[in-house]
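Next come two complexes built around chain A: one with chain B, the other with chain C.
Up next is the complex of A and B:
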């Protein structure tokens, strides 16, 4: 079995931040009109606080035993180990399909309108197999380059939209009904899947500090807030008319004769999804202690691809992969419940 | 064979490897002039070894294997009848190229000296610049048939002992019969299971560059008969550092570094992006470029992907021809390439002018970072193909794969992309910019600080 090389916790959390920010890149959720801007910001804050709470059990394991849930469960016997591995594998495969589906959808609606989503998904997954075979350490190193790309794209997105800013486009009051607020909060809890990734892979991270998580979620919040701000006050109705309203860059790109700049958004979304799925596959291989095995990874991506095909052909299944509530519920189990149970078990064993 | 009193002795040499005048001065004349009073063969041997010979390069040894090694290395060997040990006297005198400026690493300011073929001359070039007692030269012999001598060269206080040990092990594992150049060994020095697209072994022909790297904890491997010295661990950012950067003003050095990074990106991505845009997303071109490009492309018979591939391929052929043919014919190739093939093909409507311009720009940019030429060429072809088949999306995915491959590469346990990824703010002072010597001189950053594992740390 390939041994994972320890990596810097800072770099790991930067990678997780990029994964969390990707949620809003793949947005097809009515963000700008349902709530006033301050209320939407409140929803972001509430969502990210929930995310932070979901991190706490894994932080406890990391601080107390400098380990992660998958490593700790090894001492609890083969049955417990197998059960946890099955749960985490199923969860990670679900999350992979959860992100792959909106990505291929966006891809085919926005960029290659005549393309079938299945070959796109297949090629992307094939690339993820290679990345996952290199391990989480290498993926976190890749995250640094993605961070640079994200900075450039964000600079273009927000810098280019500055000239279109009009504070009359949106409201600065507290309008909006509680149902919409609830929906927004649920939507902004979606990045909590990074808590589950942290719970599984943090054992190999070195020099961990709790404030790194706060910073990671803070950066995610800033990104969300900026997208909301420019959606509300710069893109306005233009955003509302688009299938993917967070394409705030597209307004500048189209009206400024620089449509090519929009490809940066596509590049960032593609690389983010690539990184998320690769990290998720690393999580599964860690659960089964078969790190870097190409055959196992190929089998896993085959399963993700099968889920994708199933979701594309069946609307009921598709619903399962597009509702954030199910993702949050499953994340609660994997990021909080199981680590807490494993932690208590470990404490009793040492008592 | 000649008798010294009643003791028989002999001097063995290899024809053409020994300086006869030097040998006469160091061994033959003193032997003839010395009056031997020692009664036994053993004492005669000791007298020759300790008193008679007028050379500082004298070694006593035993065994046929060492005898052959010394003889083939240009030593004269003195054997005394009845004594199993022999004496090797350094009297190398074969013809070799003098110390000249290396053509591949030309500098504006700085020394005009480059390594040459003989090992001892190269050692002296390093020793002259690093007079530290910490400097170690460690001899290793590789190649079952060639018995090529190598020198591991490092600063004891700077290089990690684990790194040196690891290097010794890898060289010992080299099972080649002949080692005729440094390049033969570079594959043996690479880490196993890492990408071979980029090289994890640096090459330099300049003693000042090598000395600079030694102070940073690297190990140099000097191969007898090769003017190129290998350096490990080798990082990606080193490909963009030149000797002139450290002599120029800091702002200009930073400008040149930026230029090099941009040239690298242009040489790898420009033809591929052009192909992808022209093939799949012409709407992404600004209107004024779109009109000209569309007009130019519509007049040519080949699809744009094939056109870019063909021109790049023809360019590589011309480059290779330019390297191999005699220098006197070089101008003819340039004229044929630039005028006959380039201009005529555009005029005849076989290729478009915009495609030619894109390929030419990429080709020129690739020479800015010449050590990276092989990976740049391969990546360029690959990305053109991917861009032509899958468009920008394919290009993004291919870039992600190349980045993953580069991120996973290590050179003797040190991540190849160190300084960039894993990111180190402290070492950024000599990556995109070159900080002033006042800052650089404060702390020398050792290469082992980048190692993430305990392998060499």
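Up next is the complex of A and C:
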């Protein structure tokens, strides 16, 4: 088994921020109509607070034992180790398919309408296998490059949409009903999957501080707020007429004779999904203690690909991969319940 | 073995470029501009193709809406038509009430259309000039841009016109008229 190289915690949290921001890049959730802008911001804040709470058990493990749940469970016997590995593998494969599905869907709907989503998914997964074989350290280094690309894309997307701003498109009041607010909060809790990634991979991160998580979630909140602002006041009802509303923002961007930054947007979405799946694969290989083994990775990716094929051909299965509530429930188990159980077990052992 | 896999993966992008069904740019049917007017009682949509000739290449299709005109044009006249580069939709003033709202609504649902495409009303002479002169389109677009600089409240693109309709408010749109020269003015559009 290849030994994981330690990496900077700052870099790791930056990578997780980019993963969390990908949620809104890939969304096809109705964001612009249901709630007024201030209430939508409230929903973002509430969602990210829940995300922060889900980080706390893993933070406890990291602070107390400078380790993560997968490393700590190794001392609890083979049965416990195997059970935890199965749970985390199933969860990570589910999350990988959860993000791969909207990505291929968006790619085929917005970019190449006659393309079959399967070759797109296959090529992306092949790249993920290679990245995961190199380990989380290399992926977090890639996060720095992706951060620069994200800054450029966001600057162009929002800067170019400034000329289309019309404050009449949205409302600054407090209109909206509790059901819509609840739906929005559930949607904005979706980035909590990064808490599960943190719970599994943080053992190798060095110089960890709690404020890094706050900064990561804060940056995610700023990104969400900006997307909501421009969706509401620049794209308005026009965005609501199309699937993948946020993608419309990249088409609304306009600089003189130059209009649209769809290619940059698509590149950012592609790289974000690539990074999410690669990190998830790293998590699975860590759970089975076979980091870097290409054959194991290929097998796991084959499972993700099979899930993707199944979801494309079966609407009932597809539904499973588009429900944020299910993702949140599974994240609650993997990011909070299991780390808490492992932590208590460890405390009793040392008592 | 690993080198072989890497080599194969490196070769894949060269094979899967997505160009199998691509057309050369000179044979592609890129629509730059669409106009709609009434001819002999029927609504007619004219699709102007991107070309470098002095007289524009165009295809006219009679249909009750943009959506049906597009389908008919694709099926009967321009099989590889693309509207992703549509820059201008010109609507003859007298058919405004019949088509404008419905056509903009249809455009807003289409992922391939640019939300920044110009929308303007015009008179019959402008449409005649557009059919004779390829440069007329860029002149019209320049006039619209100038008008927008002078009157920022004018709704001159798909995005702002659609959102104004969605809010149910009256708004001002550019009106292009042609006597000897092309002129642009404002006209109020009721919801």
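By definition in this document, the second predicted complex is superposed on the first by the 339 of 351 C-alpha atoms of A that agree within 3 Å, B and C clash if a C-alpha of one lies under 4 Å from a C-alpha of the other, contacts with A are read in each partner's own complex, and residues count from 1 in each chain.
By our rule, contacts are C-beta pairs under 8 Å (C-beta built on N, C-alpha and C of every residue); 3 or more make two chains touch, one makes a residue touch a chain.
These numbers were taken from a predicted model, which means no experiment stands behind them.
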{"item": "Touching partner for A:344 - first (chain B), second (chain C), both, neither", "value": "neither"}
{"item": "First, second, both or neither for A:112, with chain B first and chain C second", "value": "both"}
{"item": "Partner chain in contact with A:124 - chain B first, chain C second, else both or neither", "value": "first"}
{"item": "Contacts of A:174 with chain B and chain C, given as first, second, both or neither", "value": "neither"}
{"item": "Which superposed partner A:8 touches (first chain B, second chain C, both, neither)", "value": "first"}
{"item": "First, second, both or neither for A:155, with chain B first and chain C second", "value": "neither"}
{"item": "Touched partner set for A:166, first chain B, second chain C, both or neither", "value": "second"}
{"item": "On chain A, positions contacted by chain B and by chain C", "value": "112, 123, 130, 259-260"}
{"item": "Complex interface listing, chain B residues touching chain A", "value": "277, 280-281, 283-287, 390-394, 396-397, 400-401, 403-404, 407-408, 415, 417, 420-423, 452-453"}
{"item": "Chain A to chain B touching residues, read off their complex", "value": "5-8, 11, 107, 111-112, 120, 123-124, 127, 130-131, 134-135, 137-139, 141-142, 144-145, 257-260, 262-263, 266-267, 270-271, 274"}
{"item": "Chain A contact footprint on chain C (complex, rising order)", "value": "2, 9, 12, 16, 18, 21, 105, 108-109, 111-112, 114-116, 158-160, 162-163, 166-167, 169"}
{"item": "Chain A residues touching chain C - in the complex, by the definition given at the top", "value": "109-110, 112-115, 119, 123, 126, 130, 164, 166, 168-169, 235-238, 241-243, 248, 251-252, 254, 259-260, 294"}
